[in-house]
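Okay, so subunit A shows up in both of these, paired with subunit B first and subunit C after.
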Partner chain A sequence: MNNSEKKRMNGEAEEENEEDVEDEGRDAWERTYTDERSWEALEEDESGLLQPIDNKAIYHSQYRRRLQSLSAASAASRIQKGLIRFLCVVVDLSKAAGEMDFKPSRMAVIAKHVEAFIREFFDQNPLSQIGLMIIKDGVAQSLTELGGSPEAHIKALMVKLGCSGDSSLQNALELVHDTLHKIPSYGHREVLILYSALSTCDPGDIMETIQKCKKAKLRCSVIGLSAEMFVCKHLCQETGGSYMVALDEGHFKELLLEHAPPPPALAEFAIANLIKMGFPQRAAEGSIAICSCHREAKVGEGYICPRCKARVCELPTECRFCGLTLVSSPHLARSYHHLFPIEPFTEVSARQLELSRVASKTCFGCRESLLTPGTNKAGPCAACTKCKQYFCLDCDIYIHESLHNCPGCESRRITPAAASVTMS
Partner chain B sequence: MKFQIEEVTVYFPYDNIYPEQYTYMVELKRALDAKGHCLLEMPTGTGKTIALLSLITSYALAKTESPIKLIYCTRTVHEMEKTLAELKFLHNYQVKHLGAAAKMLAIGLSSRKNLCVNPKVSSAENRDSVDAACRKLTASWVRSMAAENPNQPTCEFYENYDRAAGGAVLPAGVYTLEDLRAFGKEKGWCPYFLARHMVQFANVVVYSYQYLLDPKVAGIISKEMQKESVVVFDEAHNIDNVCIEALSVSVRRQTLEGAIRNISRIENEIDRFKDIDAGRLRAEYNRLVEGLALRGDLSASDAWLANPALPDDILRQAVPGNIRRAEHFLHVLRRLVQYLKVKLDTDKVEKESPVSFVASINSDAGIDQKALKFCYDRLHSLLMTLEITDTDEFLHIQTICDFATLVGTYARGFSIIIEPFDERMPLIPDPVLQLCCHDASLAIKPVFDRFQSVVITSGTLSPIDLYPRLLNFHPVVSRSFKMSLTRDCICPMVLTRGSDQLPVSTKFDMRSDPGVVRNYGKLLVEMVSIVPDGIVCFFVSYSYMDGIINSWNESGILKDIMQHKLVFIETQDVVETTLALDNYRRACDCGRGAVFFSVARGKVAEGIDFDRHYGRLVIMFGVPFQYTESKILRARLEYLRDTFQIKEGDFLTFDALRQAAQCVGRVIRSKADYGMMIFADKRYSRHDKRSKLPGWILSHLRDANLNLSTDMALHIAREFLRKMAQPYEKTGSTTGRKTLLSQEDVEKLGGNGAQEMLY
Partner chain C sequence: MATLPSKPIADDVSLLVVLIDTNPFFWSTSSSSLNFHQFVSHVLVFLDLIVRLSQLNQIVVIATGHNTCDYIYDSSLDTDQVTGEGELPALYSFVLQRLEEFVNKDEKLGAKQDGLSEKRVSSLLSGSLSMALCYIQRVFRSGPLHPQPRILCLQGSPDGSEQYVSIMNAIFSAQRSMVPIDCCYVGSHNSAFLQQASYITGGVYVKPQHLEGLYQYLATVFAVDLHSRSFLQLPRPAGVDFRASCFCHKTTIDMGYVCSVCLSIFCKHHDKCSTCGSVFGKAQLDAASDRKRKASES
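The block that comes next holds the complex of A and B.
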């Protein structure tokens, strides 16, 4: 098994290489069409009929590699993850953001993807908060206070879009530091800087500011849009963040979304902490109350703080009056999976599948047949290490990226007797 | 790691080795086996020094029956320190694996300025005054005076060293200059004299080029080196110029005036001596009559400057009769200075060969060739007899004697050029008489003859076949190595046109064209906006740089540049330049970004590294040809053509291109680094120019990048910078381009022949 698997992996790696080489050799104008080369995604089968090439296997192998590297990293050191994050997103809107090397302009691309990022972030980290800042004309200004409402952030950013002047990393860091250093110790302080400029005009010594951030345990990450800058690299190294430079729009999006799942906690944070939280009840339909966040009378919607009975519109948030953190249980549950990710499934070769005792040869998730349509040969599939159920590649990806639960394991837990029967 | 190259076990202090380091060692080993000289080119950042050191010391360990000595020559004190530090690391590793058998003695030798521990002496500001201050305390007659008169100051470190005499030895180990000083302080011995003494016994000596090439110094320091030595010249791309400078002398008006002052002072001294101690002068005369070898009976501290590379048969001749007596000799000197003075008083450029010059001295001043030849030795002996210690005061007369001896000795390979004024400033009279050496092989010939193997190595030695011709030797191995890289981390480009498609060049008829100036400016303005951190620009000369910066300033281009990056400029003043460099580095560190304007052939181009973020891009504006109107250069070209059949054009291009390569090579100092190089001149796209660039640059110069305009270059630069900013794998094991060899890999290579595996 090992041999065949290895061979398979090697084959894939070679394929990958060839593709990379090809990609490098192409000119820029050619590359823009690579995604849409629909005519190349066809091949002839034995009888001369055109058939679409199955790219699924390639995508799947890419995904698997990503998954494995992730799980390897987390296995190496039993990493704690910070689930309550306070993230400051700093957008550089100096005149370099107006450059057109990203279409239509860097600024527009940034805005588009920041919007997506904010939504994704709250989806993955319902307990966390974001604050938006911009750098413009050499100064940093705060657009939104730390808060949990995606809409408010996105609206604020879209209103302020427009670039001018120099950029100053130091001013931005100072502002971030002022905002974040009063956050309670259980919260993880993070900064994400989207930096277009290639220089920074600072009023003082930026190295001191970097040290200050390090002391305040801010995890600073930077995504550059043009080239690698020493000072950014230095900042990220010092504070434990990551520094990446985007190649093109697709890559930028990828890099940005990488920041959505919670990063491993810094060593200093690795102490267990108890946090007081409230789980408010949804207000009764038709009851009228003044909400504490907008100071408007509202009918029906909203939640009631269990401690001081104040009305708030959205969760999660902090109660304006008593300062209690208000969350709902689905929020907690959604954050949970970061701590206990499902282990990556093992790949099953066609021969193994044929030899296996599973009579139906169908995917445990979607009940689709695992055999390749047309021919009666077994296609590629994956198996959970715990419940030994087989899954098709689509289900594999879906389980790991969205569902975060293995259907096989879950159903087994409900009926232990049945599971033990199948096991034997 | 430990591996075999043929029968030699090589101890290499790192766990992995680059493939090119391995082949470098293989080639070097072959040269050592053949007991011949070799010429090796390998790009910087590939660990040349450690490869050299580890192979040669391992070789010495393997061949215990005929121990070889390593003489390692560096250009600067800084490089010397770096080499010694690396050697120390290597030595520790070897001792750990081999035990006491691997013990060796390695020392660095530098001038008194760098080694002196006597606070009174080392506080002097320059090298000459430190030397003189030292002599004032340590000369033999000063010390004998001190024996009678306790108030006479002497140097306690030297006294202690002298008292310990044979007992003053360094235990085995590797000593950097700092270690030597510390050792000297601890024991109370003078580190300078100790080091000079130990040079004969050390297994490894690291010192400056001058100690081997400058005949004046080589005579004392390197005289006793054994034949079974391996001499390494590191960073040797300019070795021919070093050789030539070692044998060239220039005489100005101030020199002559100073010489006259020196002569009168010597005269006074002689008179004084006649009154109090006439016997001493007579003794000197007698000694000269007997033709005693001068150096044999002098103690180590007195021997200061010896004879310029004279063939041994001349040394064995006796000093001619007409200059044996001190007064006579002074008369001869006086006449010589007078003659030179008349010669300098000319208003046109003159060029003469040494033969005709000597003939005219003979007829006009009545000094024959033989007397000229012995001037240097005679002066040396006289100053000794007169017990003159402040030798830095007598530099002028020494220069004159140096000149006389060289003119008297060599009939070929030199010429005498008298220029009444600097050509760039024809209104200011500044006559200068130059004795220029044209033949680099003269100074280095004794080195090649004397030592078993001479290794000449550098990052840029292309074209590699020219060096043997210039230095007149036959290498048994001459090879150029490429750098193995995990990614294409250098991006050379040839930019021939501005964005308006007009050609750019610093050719004489084009350089002041406003279009060219503007296009160069535009190129820089565009580049500063897309390249992060540091950019270095090299211009062909100071005057051209001044001119172009001026016009950029007027047209506002400079202001545009300043919006993105700060601008720093190299000047001829060392202190100013150091300050500028310092601030440049700070600007790069803190993210402000900076541009450094510098000059090819300047101090910065030769010795300063712009690695990592200090130099992401280097732009070479124009082809740095030498100033072709210079008389000295013309004479040298003529000589090269007649003697070595090297065409003028070939030599000029070779020289210009090696300077250019040297300049752009400043940005890459290690494999993890990356940088772009722009050759901004249309002439670079021609094959005869381009092909003279070193192989490691050429192999990255794609055909598509040969004829770019500004906008195309911008596009390439953007893509390159983005690509390089991506994380990458250092070992390159998965990409199939192996750049780091582990122990097993090397053993495999040794098994089935390195050549097939690597090429």
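The block that comes next holds the complex of A and C.
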């Protein structure tokens, strides 16, 4: 105590020193728990079952921050969204991918989340294509060609999962460049590299390769699993992609899924073009035909290419005989919400809600009460800027992440006169 | 969110969200044998049936009007029910009263508009679908066990093409949450939007041929819970038309051109996209500078 008294008299650095003196007796791991004892926040209900901790407020504020950053980015300049994307996913399977800091190993975690990412990607971008590549033993190999069927990619990924050797970023970029060079000019070229190693063994000058990729308008993004590397950061800055390093498995999954919705694309990256597409009809029930994908006779349940009348099993696909892209109108409709996004709702503080003249304080979407349970005071909620209806926080998240329709705006009929007033 | 996913209570417990079409423009001009009063009586008996099938079944009724949509009835709320008037059970009188209030409100909102140019006047189906889906999400969050939700659309009004994008958004969201959208269409021509909705979400679409027996169709096809549907032969769609309609003439086409920027569909080759203004075949920057040059010259 004498020591700390002396230090107190010495000035402002006292508080820190006092804590250090107290903590000297504790180990480093104990020090992390001095301020936050998360186990003390647990509660039990009457039957002795643990009640989940209410993370709602934290979750909602994280979600709002994400939404603000997205809308700010897109409002900044005249940016369109690249809807027809050709994405190459490069998985680093060098020795560093066998590290076990992600349980059970980095490789297993990557494989699991890439599968979920591929499904989410095709769900949000039905007209796009993915190609898978791996880096192993200093060489880059292509696992699957650019294609639109999720099952083929997932099957190929699950088979080849061994890691060894060094990682070579330049070889990967060269391979990706050659692959993406052949695609039509209206597509957006993107690369997503999942990099675990801390070094790269290149046969030549990687800076030249980076310039080549920049000229070819490839947008390269990297998700690192170990630490930040200058060469990855430089690559992403030059090509306009994003570079993030994952802190743990949950964070990695979040970062990966952020690449599923179409990124804002600069208008000069892709040339607008009219793509000829076919909208096939469903084959009649009971009709027998040889399908072009499996080469065997099938009954009913398929689609007929309008140009060459070949039978295909599923959509979207490219007809094998005449090369026509075949889609159905729901596939195009899946991407319309990217073109007509709804604006973020404004946050309404409890005070504002109490002052408002709304009769029943319930969420317009789900009719849940907006008052904090057990009390008569209003809790936080959100309001739509156009229709001025109030929504609870969970409906706000659901509407913006999944539904893409504001129930309040959809439940109003806007006459043409009123519509022109609001548009101007 | 770090909450456990909630499980269905039992195989046969369902949450049925019924969307009733109250569009006065449809009901006053429909030449079929069913008028609105008879329609509501068929539906009320059907709702009573669902409630009696299992004590844990829940019903929510949402009305789709011409100018607005609103919740009419929620069986899980302990509302001060209007006591049964004479022979009518409390459920019937409550729903009838609320429906009447809703129709009056809908009419008042519409009185402010000047004439309507469209001949086929649609109802606000996208609004009630969105509200139904928000309610279902609330049920998923409500606790560790929940009934199996499904949506039943009782629609008669024709499709409104201005609602295409919103209805498709709602359909895809329902598909993701695995909520089937069933439809019993009482109008004159088939509704392409609702046929697609039932096909994509795995629901049932029925256009009854004899509307006087509407209750029979409802009770045999739509009263059954989701698990038991696998044991029944339910009506299958004759053919769902997935062809697109072109943006310039609104005709259905089976081969067309799609703008790579905004995905609008055209039947013929154009030089410029009428929706997003992109010039085809030229890099956007060149096109923009051409436009600027022309503007400065003129």
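FYI, the second predicted complex is superposed on the first by the 354 of 424 C-alpha atoms of A that agree within 3 Å, B and C clash if a C-alpha of one lies under 4 Å from a C-alpha of the other, contacts with A are read in each partner's own complex, and residues count from 1 in each chain.
One rule holds in what follows: a contact is a pair of C-beta atoms (placed from the backbone, for glycine too) under 8 Å apart; a residue touches a chain by one contact, two chains touch by 3 or more.
Owing to the predicted nature of the structure, the values given are computational and were not obtained by experimental measurement.
When both complexes are superposed on subunit A, subunit B and subunit C sit side by side without a clash. In the superposition on chain A, contact is made by A:Cys201 with subunit B only, not with subunit C.
In the overlay built on the shared chain, the residue A:Met100 is in contact with neither subunit B nor subunit C.
Shared-chain residue A:Glu368: touches subunit C; no touch with subunit B. Contacts of A:Lys276 after superposition: subunit C is touched, whereas subunit B is not reached. Once the two complexes are laid over each other on the shared chain, residue contacts for A:Leu324 go to subunit C alone; subunit B is not touched. Judged by the touch definition given at the top, the superposed model places A:Met158 against neither subunit B nor subunit C.
Contacts of A:Glu228 after superposition on the shared chain: subunit B is touched, whereas subunit C is not.
In the superposition on chain A, the chain among subunit B and subunit C reaching more residues of subunit A is C. Of all C-alpha pairs spanning subunit B and subunit C in the superposed arrangement, the closest lie 23 Å apart.
Applying the stated touch rule to the two superposed structures, the subunit B and subunit C interfaces on subunit A have no residue in common.
By the touch criterion given at the top, residues 529-533, 564-565, 588-593, 612-613, 616, 715, 718-719, 721-727, 734-736 of subunit B touch subunit A in their complex.
Residues 13, 17, 28, 101, 169, 198-202, 205-207, 224, 226-232, 244-247 of subunit A are the ones that touch subunit B when the two sit in their complex. For subunit A in complex with subunit C, the residues that touch the partner chain are 52, 55, 59, 80, 83-84, 123, 127, 186-187, 267-268, 270-282, 284, 306-307, 324, 328-330, 332-337, 339-340, 363-368, 394-395, 398-399, 402-407, 410-413, 415-417.
Every residue of subunit C that touches subunit A in the complex is listed here, in rising order: 1-4, 66-71, 74, 109-110, 113-114, 117, 124, 126-128, 130-131, 133-135, 137-138, 141, 163-166, 168-173, 176-177, 196, 200, 239-244, 253-263, 265-266, 269-270, 273, 276, 278-285, 288.
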